[in-house]
Each structure stands twice: as C-alpha cells, then as structure tokens.
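The chains carry the letters A, B, C, D, E and F, assigned in the order they are written, with residues numbered from 1 in each.
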C-alpha cells in the first residue's frame, strides 16, 4: 500500500513510511493535546511537497486557526496564496439547529435547499475534485454534538462525514476530542468508522503530566503499537519513536 | 467433537486442535487489535485446504478489506478466483435506516420487499447452501448499532444473525468491537449468544502496550483459559501459547 | 435441613453435605465459567442415584447442550433413555416477543392461548408433578432479557420463574450470566430472589486468569464463605475446597 | 436514652448497651451476609426476656424463614406458641402490581378496598397496639422494588413504612440489600430515613472473604464507629467488638 | 469580614475565628457523620452567648432531635425555655407531594393557599425578622429529594431555600447527605449555591474507619484547607486542627 | 501573538508572558479553589495598568463578591469609582425559567421582549463597545444549569456566551465548576468551546490536600504543561511555576 509522509517528526518511523494512501485517519486527543497542530502540520507538509491540502474547520474561524499556529516555523499564508492550502470555514454550522428531515436525507439523495450539513458534504466533494486535493483535514468532528441531541442522528451525521471523505480518494484526517482523561475509556463511534486511529494522550504519572502518542489502529500496514512520548517543538509536534513514556 | 483448524499460529494448541465444528465463535477486540485479520486468516487457511469460505463485510468494502491485508503473505485474489473465497459486500446496510416493521418480521416469516437486513440473512443462507460453504466470517456485528437506536431491536437483529449462522452448519466467526479498553468490563449480548468467545486485549502495563489473547468461552471442548501474548507476523496473527503476558 | 449431594467434586464439603433440599439455587458466572456444566453435572449425579432430573434450556437446543458436554465422562444419552433425565427445549422462547398482556397475567390466573412464557411455567409444573422430578435446572435465566425491554416486566417474569420452581418442591438450579468481570459489582435481581447463590468467578491476578467459586449465600445451612479455586476435569467441575485462590 | 439489648453477641458492647429504644434501625448487607438471622436473633432475644416480637416477611414465607434458622440453637416454634413471636406473611405483596392511586393515598387518609400495601401498614399498626409488641422486624424492604417501577413511588412507599414503624413506639429493624459489594458506594434512601444503620460487609481482601460489621449511624447514643469482624456461630451472629478486620 | 464563633472545638482555629458573618454554610457528610450535632452545637453555642437561634428540621421531629443529643452536656430545653432556641418542625413537609404549580411560583410572587413549601420559606423569613434571629440551621436539605421527582424542580426548590437564608441576614447552616462514601465524587448543587462548604468525611484506611473534616470552600476568609481528624466528645464534635488524618 | 499579563503571580512565567490577546480562557476548579479570586485578580491587575475591566456575576451579587475579596490587598472600590472596574449583576438570571423560544432565538436574530438571557448578551456587547473594555470575566458559567433542564439547550446557551465573548475582542475569562474531584474526568462542553483552559485542582495525596494549577490548553502560544502547586497569598493566587506538586 502506498504511503503518505505525515510531516510529523518521528511519526513516519512508527508508521513504516507514512499514512496508508487514500484512507481516513482519526486523531483523538484531550483539550490542548495538539490535534489542530497535527492536522495543519500534515497539510503544510503536503503543501511543501506540492500537494494541495484542504482544511475544513468546524470550530474556530480560519483566521484564528492560522493565528494559533504562528509560533511554529510554517508559512501558512504563503501556502494559501500559492493555492496549496485551501480553508473552508464551517464554524458557523454548529450554530444552526439540525433540520428534522436533514440528517435522514444524507443518504436519500434528496437535499433540502439552503446552507446546511448536506451542503458542506457536497462542497467538500466538489472542492476535492475541482482542485485536485490530495490531503484533507476536518477539525473537529466533535462540533457535531452541538447540533444533534439524538445519539442516532449524531451517528448518522458522523457516518456521512466519514463516507464522504473515504469516497474522495484523499488521505484524510479527522480530529476528535477525547471524552475522558484516562487510558481506560469507552471507544467512540469515530474510532470504529475510521481506517486508522492515532491517540494523543495527556497522562498523569507520579505528579507529572506526560504527553504520549499511540497508534491504536492503522488498517493495511504494520505499525508500531507502543505508546511514545511527544512534545511541541518549533516545527510542530515531535514524537520520540524509540522512547518509552515512563 | 470434530475440530476445525484455525490457521492462527498457536491458537490450535490453545484449543486442543481447532474450533469445534459447526459452531459460531465471537472474536472481540479493541480497535486495531486484528479482528479482521483474524477472520480472513481463518478463511484463507480453510481455502488452502480446499474449504470454501464466505466473508460478509458490514463495514468496509471488500476491495478495501483485501488491500488492508496485502502486507501478509496471503494470495486472497487467487483464492477468490478459484472460487474458494466468496465476499458479500453488506457495507451499505449500515446506511439504511431500519424499517419499523423489519426487525420484528425476522422471526415472523414475512419479509418486506426490497434489499434490507432480512435479505442479507436469506442471501447468506442461500450462498452457504448453494456453494457448499464450510467457513463463514461476519465482520463486524458492531455495525448494527448504526442502524438501531433501540436496544431491544438491536438485540433482536443480533440474535437473528447468530441464529442464521448456527443453522447454516458452518463453523462461523463474528467479530465485535470491545466497548472499553479494560479487563473489567460489562459483558455484551454477543458474548452471550455465541458458542465461543475469543478476546483480543490491548493492555497497558507499566508504560507498555501489550497485546494478549484469551479464550473466554468455548463450549464443548477443553481449552486453555490463560491470557497469552500475540503479535502480527508475516502470516497474520501469531500467538505464543505457552508465554505469560507479564 | 436435609441435604442434596451436588455431584460437584469438593462442593459438598463446602456446603456441609450438599444443597438444602427443596430450595432454588442460583449459579452466577461469566461466559465460559461452566454454568451449564455445573447444572448438568448436578442432574447427572442425581440420575446416577436414581433421582429423575429435568433440564430446561432457554438458550441452546438440547442436542447442542449434550454435544457440548461430550468431553466429560458422563453418559447423558443413557440417562435420558432410562427416563432419568428429561430435557425441555425452550430455546425458541427468546425469539418470541413478549405479548403486552402476558407478563401481567402471570399472577392473574388468566393465561392467553398459544405457546408462550406462561405455558412454559405450567409445563414445568406438570412435568415435575407427573414424572416425580426431584432436581430441576433452568439454564440460563439471562435469556429473558432478549424478550423484555422493560425492567419491571423482566423482574416480574424472573420472579414468576423462581416462584414456580420454589413451589415445585424440587431442589432447583438456575444459571445466570455475570454482568461484569469484577468482584465489585451490582447485585442482580436473581440473587435476591434465590435461596442460595454460587458465584463462578474468572479473576485476573498478576497476569494470570484464575477460576474461583464462592458460596455467596445459602439460606438455612452453615457453609464455607471463602473463595476457592476450581478447574474443569474429566468428570466436570472440580473444586479445591481447602485451597486459597492466591 | 433507654437501651434495648440486641441479643447479637458483641453488638451491645459496640452500642454501649443496645439499640436506642423506640427507634428504627436499618440492617444493610450483601446477599448471604445474615440480615434475616440478625432480625430474628433480635426478636428471639426479646422473646426470651418476655417481650413480644413481630416479624413481617416481605420475601420468604414464614415456614421457610423458620426452617432457614434451624441450624441455630433457638426454639422459634416454642416462642411462637407462647405468643411471644408473631409472624405476618406479606411475601405475596410483591406479586401484586401497585395500583396507580395506592401509593399516593398512603398519606391522604383514604385507603382503597382490598388487600394491598396500605392494608399491610394498618395491619402492622393494629397488631403492634393490640398485642403490646415491643420489637418489630421487617425483612426486607428491598422487595418493594419488585412492585414499583417509578423511583419516586418507591421512595414514598419506603417512607410510609418507616413512618409507620417510627409511630408504633417499637424498637424496629428493617433489612435492606446492599446494592454493590464495595465499601465505596452510593447511599440508599433507607439509610437516610432510619435512625440507625448497621452495615454487614462482605469484603475481599488479599484472596480472602472477610465478614465485617460497621455501625454507620446510631442517632442519640455514642457508639463504636470502627469496622469489626463477625461470624456465624451456634447462637447466630457473633461480633468480635475489639478486633480489627485486617 | 466579621466572624461568628462556631462552638465546634478546633473549628474556629481552622477558620481563623469563625464563620464569615451573614453567610450560608453547607455541612456535607455521610450518614452518622454528625451533621445534626454540628448544626445544634452551633446554635447552642450562640444561645449561650445570648444570640437567638432557629432550627428548622426537615427530617426528624424536634423531640427526637433533642433526645438524640441528650448524650452531650448541653441543656437545649433550658435554652428553648429562655427563648434562645426556636424550633420549626417541617418534618411533615416531605410527606406532601409538591403541587405542580408550586415550585415555579417560588419566584413569581404568587403563593398558593394552604401549607406547603412556600409557606415554610415565608415562615422562616418572618420568624427571623420578628425574633431577631442571628443563627439559623436547616437540617437536612436532602429531604427535598423525597418531594421532587424532577431534577430541575429540585434545583429550583434548593435555590429558593438558599436565597431565603442569604436574604435573612443570618449566619446559616444547611446540612446535606453525602451521596457516596468516597473522596472522589460528583459535586452537588448545594455546594455550588452556598458561601462555604464543610465536609465531614468517613474514610476507610487500612482496615480502619477515620472521621475527618475538610473546609472545602469558605468565601471571603482565608482558612485551613487540609483534611483534619475529628471525634465525638462530651460537648459535641471535637476537631484536631493541627493533626493529619493518616 | 500579543500577550495580556494575568496579574496571577507565577502564571505569566508558565504562559510565556500572559494570556493570548483577544481570546476566551476557561478557568475550571472545584468549590473553594479560587475561581472568583482568579477572575477578579485578573481584572484588578488590568485596572492598575489602566485597562477597564468588566465583571459579570451569574451567581453572587457584586457586593458579596467584593466583600469576599476584602482579605486581599486590592482596592476594588477605588477601581470601581475610577471607572476602571465595571460590574454587571446577572445573579438574578438563574431564578428565571428559560422561556421555550428563547434559547433557539439566540441565533435567529429575533429577541423576545423583556429581560432575559439574550438581553444579557446584548448588554455585555454594548458595554464592552461603549466603555472600551479590554478584559471581561464571566463568573460562573455553571449557573446556567439552574435554568436549563435540557442538555442541548444548555449547550446552545453556553455556546452563545462564548461566541459573544469571542466577538467582543476582549481577552475574557469564564469560570466553571469542576464536576468531580478527580484528575480523571469527563471533559465538559466549556473546555471544548474555549481557546484556553486553566484547571485549578484540589488533589488528595497521602492524607494531604494539595492545590495545583494546570494549563490544559492555550491555543496559539507555547506554554508549560506541567501541574504546579499554588496557594492563596495576600495579593491573591500565587503559583510556584517551577515546583512539582508531589
């Protein structure tokens, strides 16, 4: 299976070269663990190699996102101007209530008029096709919980997102908030739906906070299964692929 | 009781020869633990011995499944061409809402028109009979949770699947996602309905991730009850049947 | 109080002779802990002493049950032919939806026409009386959860089962699935309704799986209250009544 | 405050003489911990001193209860014949559905015709007054959960029981099933409503089961607050009031 | 901020002089931890200094409450006769169902006719004003859970109580049952609504029960934040303000 | 990114200079951990440097809040008189029921007549603009749970608050009650919605209570990620930015 270099220092070594091409990978982490950093670092690395990337924000506005990453030595604006980095602002979506018939129509082929969830899916598909996008990042899927009160509806919307990304042919990242701060936890629907899962842990061990990455699942390729320390460096996340956490 | 060799290195030793013939075995594991690898390894091993196997995917499309397993030294395509490996793509089923009257009709003998859950059950039965199938793998039963909001409906659909497999005469595997990452957990309905349960654990022990297999239940045959380490090797899962996990 | 020898090696020593006569004992265990083995071993032992036993299966068909126990040195078929072992197949009951008025009628004296839950209760009563049954085993009560979505209805059905067994005059066993794999757990309604409770634990201790039996409750007789190791042997379950688990 | 000797060996020392007179004490324990033994031992001790006691069973029939206690050196039948021990069989109550208007009428002064929950309360009041009862035991309050699906209704019925006992002037015991097997637990409504709470623990410590009693609450009197071991002896429960559990 | 001496031996040292004047303090503890003792000890101490105190019981009748405290060297009756201790018996309130419109009217200004929850609030306000009360104790707020099935309604009633006390100008205590026996727990609405929270823990440590007090919150004043042992002595609760629990 | 000095001793060192300008930071802590102190200390520090601050209280009245902080060496009244500290009393809001149509209208642009939640949002926006406010503190967001019974409605109201603050251009603080006293916990919606999260822990370690601060998340700037001890001093909270908690 072809590999897509991640741009995350140390991660390609854990993956044996990079993400499997054309797959949809979930990045799960607690608040502040670096999920957005991970997503943009991946897109920026692709852009430096000439691959156009698409960033879809469901939470913060693109300007905020870019501002948040100014401390890293990336030139996102330059990449955006070159057309190598596209940003879709879907942060307003969480403010809209889901229309009753909307989520069910996701799979029925009939889409209601007006901007909404289904429009976003179609927009992503169109942009990916029209702009020859190879890398997509959707950040974070967790925002959907603000729209849907019903568990089943939320599952369907989440499924729709993953299916859209899978059918796009891109190698995609989706970020998700960890629900608890523990290693022992209930698995989330997103983990089940994605081809790969990378966990960004924030562990509390003997009075210290320790950041650690774990490749929980990565279909189709052999990969390191240990839990490895990471930190924030000038170029973004840096993983120590041969160290133990404690 | 006759035995069916599993093809999983080390597992037959734990089972005293293989799975009990004609039974339905549940493979439970966390994301990335190798459930799909386990299922196809079992079918592929049968195919090399001349037994036709049927793989029913409720999650990924067959092409993706086969692609995911390319890193192993199996020739799935050859087996498929020889007619020794059949694949049913039921991945689309999760996108369809369950029709209100459908799940109850499972046992009533009346099936609604159109493709749906009941059709899948009948298709499996027909293929098993028509193609002289001896091994079936259904992967993963967890997808049903995307269809049913109601617990009781989900239980009935799960029961219907297990009954169909039990009545088929095949030695079947069903995979299921573990709900939590712990040894202490709530048992799931699938464990109750199956004749055997094999658990694929992902344990966190003193800073390390440890993969371990445990035969929780295997009706009708004596078997090892300890928890044993396993890893991914070139031929798929490899169990160390005489080692301790830690 | 008169005692009924259990046929489980080591158990009579823990009980000071056997189960209290005429009582209803609950056997609770995790999947694969040997609940069905326990139940049939008890009935078979009675049969060898000339006592007719009745086995009611709510889960597997009788043929499967007997096949599962072939590895033990029992001749169940011979006992069945002598009329010393009767089997009622109620495994189909779990496929039927509970009729709304059915469970409430359990205590009202009016029974609806057709086969159902109430019919099973009356059948058990009739067989016990007509065949001079002394030992009954009902395996497993957990199957009722497949029929009832409502907690209160499930409680009433469970209560009806226990009352029927208590009024039969037999010394009865009822098996139940443990809900979690831990020593610390929530007690289940069945434990509350029965005269005695025997727990079959599957413990995880320092990297090992340990099987252990505990007589949690046994009204009317003094009994060992410790937790004791057990294993599967050629004659069924074997308890080590003077050993510690670890 | 006047004291009522309990008849439980070692308990009066923990209580500084006995239960506070006229109060309602809750005995909470896991299955098999000896709640019924505790209740009858208390009544029997009173009877030997000439105090008439009333036992109300909400679970087992009186004959079963007495049979269960035959292993102790008490002569319950003799006390019953002397009129020093009265038994009310309310075990049938759990089989009746609560009538919708019944629980609310508990406090309204209007009671529906026919036997039911309110009748039991009035019967207890009448018997206590007419027979000059000094000790009452109600065993177990947990049976009410079989009647009421609604939490609020169950609370009201429980409250009604406690109020009836408190107004009777007797020194009363009410038994209740512990919901979990742990020291850390959620408190139950019964603990809140009673004047005193005695806990009968079944602890798991280093591979051993340890029985231990703890006076959690005893309004109006100083009392030992430690957790103390106990066992079953020929005269019933025996507490070791100066020992530690481990 | 002015201080109100508590009368609890050792507590004023932890508080740097006493409770902040005019505030509402919550006393949270498990059953038997001494919440009522704490409340009356506080009022009695005020009475000995000439401050009139008001005790509102939502659980036990005043006679029972006073009887429960006879083992301490207080003369509550004398203080009551002098008019320095007033008692309002609201124990009957828990028996009344909440009227649908009642809880919402708490803030609307319209109060229904007849005795009820709103009447109690008005009575408290009137008595405080008319009798020049400086100290109030309301014991326990937990009784409200017997009245309200709905969480939101219970919150509103709880809020109404706290607001009434805050507006009274008194330094008030409210007692509340701890929901679990652990240090790690979910915070309750009462803790959020009060100006200060004192926790009375019953800890289980190496086979011993240890009683310990902790000032969790005390707005407006510096205070000790450690967890300190306490016991019951002849004058009520005694805290050891410089000791560690273990 | 520009920084805003916090005024919390030791915190600027952890943040590399202060909060990121224009962002909304969540302060999460258990009862008594100093959330209000943190909020006012931040505003007061700004005021001493000439920046006007706005404090919105959703819980206590402004007079109480100021009184609570008298033990610190701040002159809040002087700052208020100079117009450098504005206070909005929204403590009454929690007493009002949410009107059914109100929360949905938050985003629809139509606001109902009368004072309510939407009015508060508009008032905050107007004051911030009209008075050239640079620092806002909203204390505590938790009060909203008293208004809304429905989870989804509460989420929407919470989201509206955060959006209003984000659009104001101010560097804002929002305080929130921690739901449990543990390091392992479920993340709350507020953590997800804010740009930064500062946790104020109250840990129990070997018999001691330890206060500790942790910067869980701070988008846009590198920051210390360890958990650090803090205490209350004469000038408010004091963090020890180079110490370990234990």
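Rule of thumb we're sticking to: contacts are C-beta pairs under 8 Å (C-beta built on N, C-alpha and C of every residue); 3 or more make two chains touch, one makes a residue touch a chain.
Please read these numbers as outputs of a predicted model, since none were measured by experiment.
Just to be sure I understand the contacts, which chains border both subunit C and subunit B?
The shared contacts of subunit B and subunit C amount to nothing, since no chain touches both.
So subunit A and subunit B: same face meeting same face, with over half the numbers shared, or different?
Result for this pair: different.
If every chain is reduced to the average of its C-alpha atoms, which one ends up farthest from subunit C?
Greatest centre separation from subunit C goes to chain F.
As a quick test, compute the distance in whole Å between the mean CA positions of subunit B and subunit D.
51
Using mean CA coordinates as chain centres, what's the gap between subunit C and subunit F in Å?
The computed centroid separation for subunit C versus subunit F comes out at 59 Å.
What positions in subunit F touch 2 or more of the other chains?
Nothing qualifies.
For this assembly, give the contact graph shape among line, ring, star, complete and other.
Shape = ring; chains linked end to end, path closes on itself.
A student should be able to answer this: under the defined touch rule, what is the ring order from subunit A, with subunit B coming next?
So the chains, read around the ring from subunit A toward subunit B, go A, B, C, D, E, F.
If you look only at subunit F, which of its residues touch subunit A in the complex?
1, 104, 107, 150-152, 155-156, 159, 163, 183-187, 189, 191-192, 195, 197, 214-222, 225-227, 244-246
Could you please specify the touching residues of subunit F with respect to subunit E in the complex?
30-32, 36, 59-60, 64, 67-71, 94-97, 142, 145-146, 149, 177-182, 202, 204, 207-209, 211, 232
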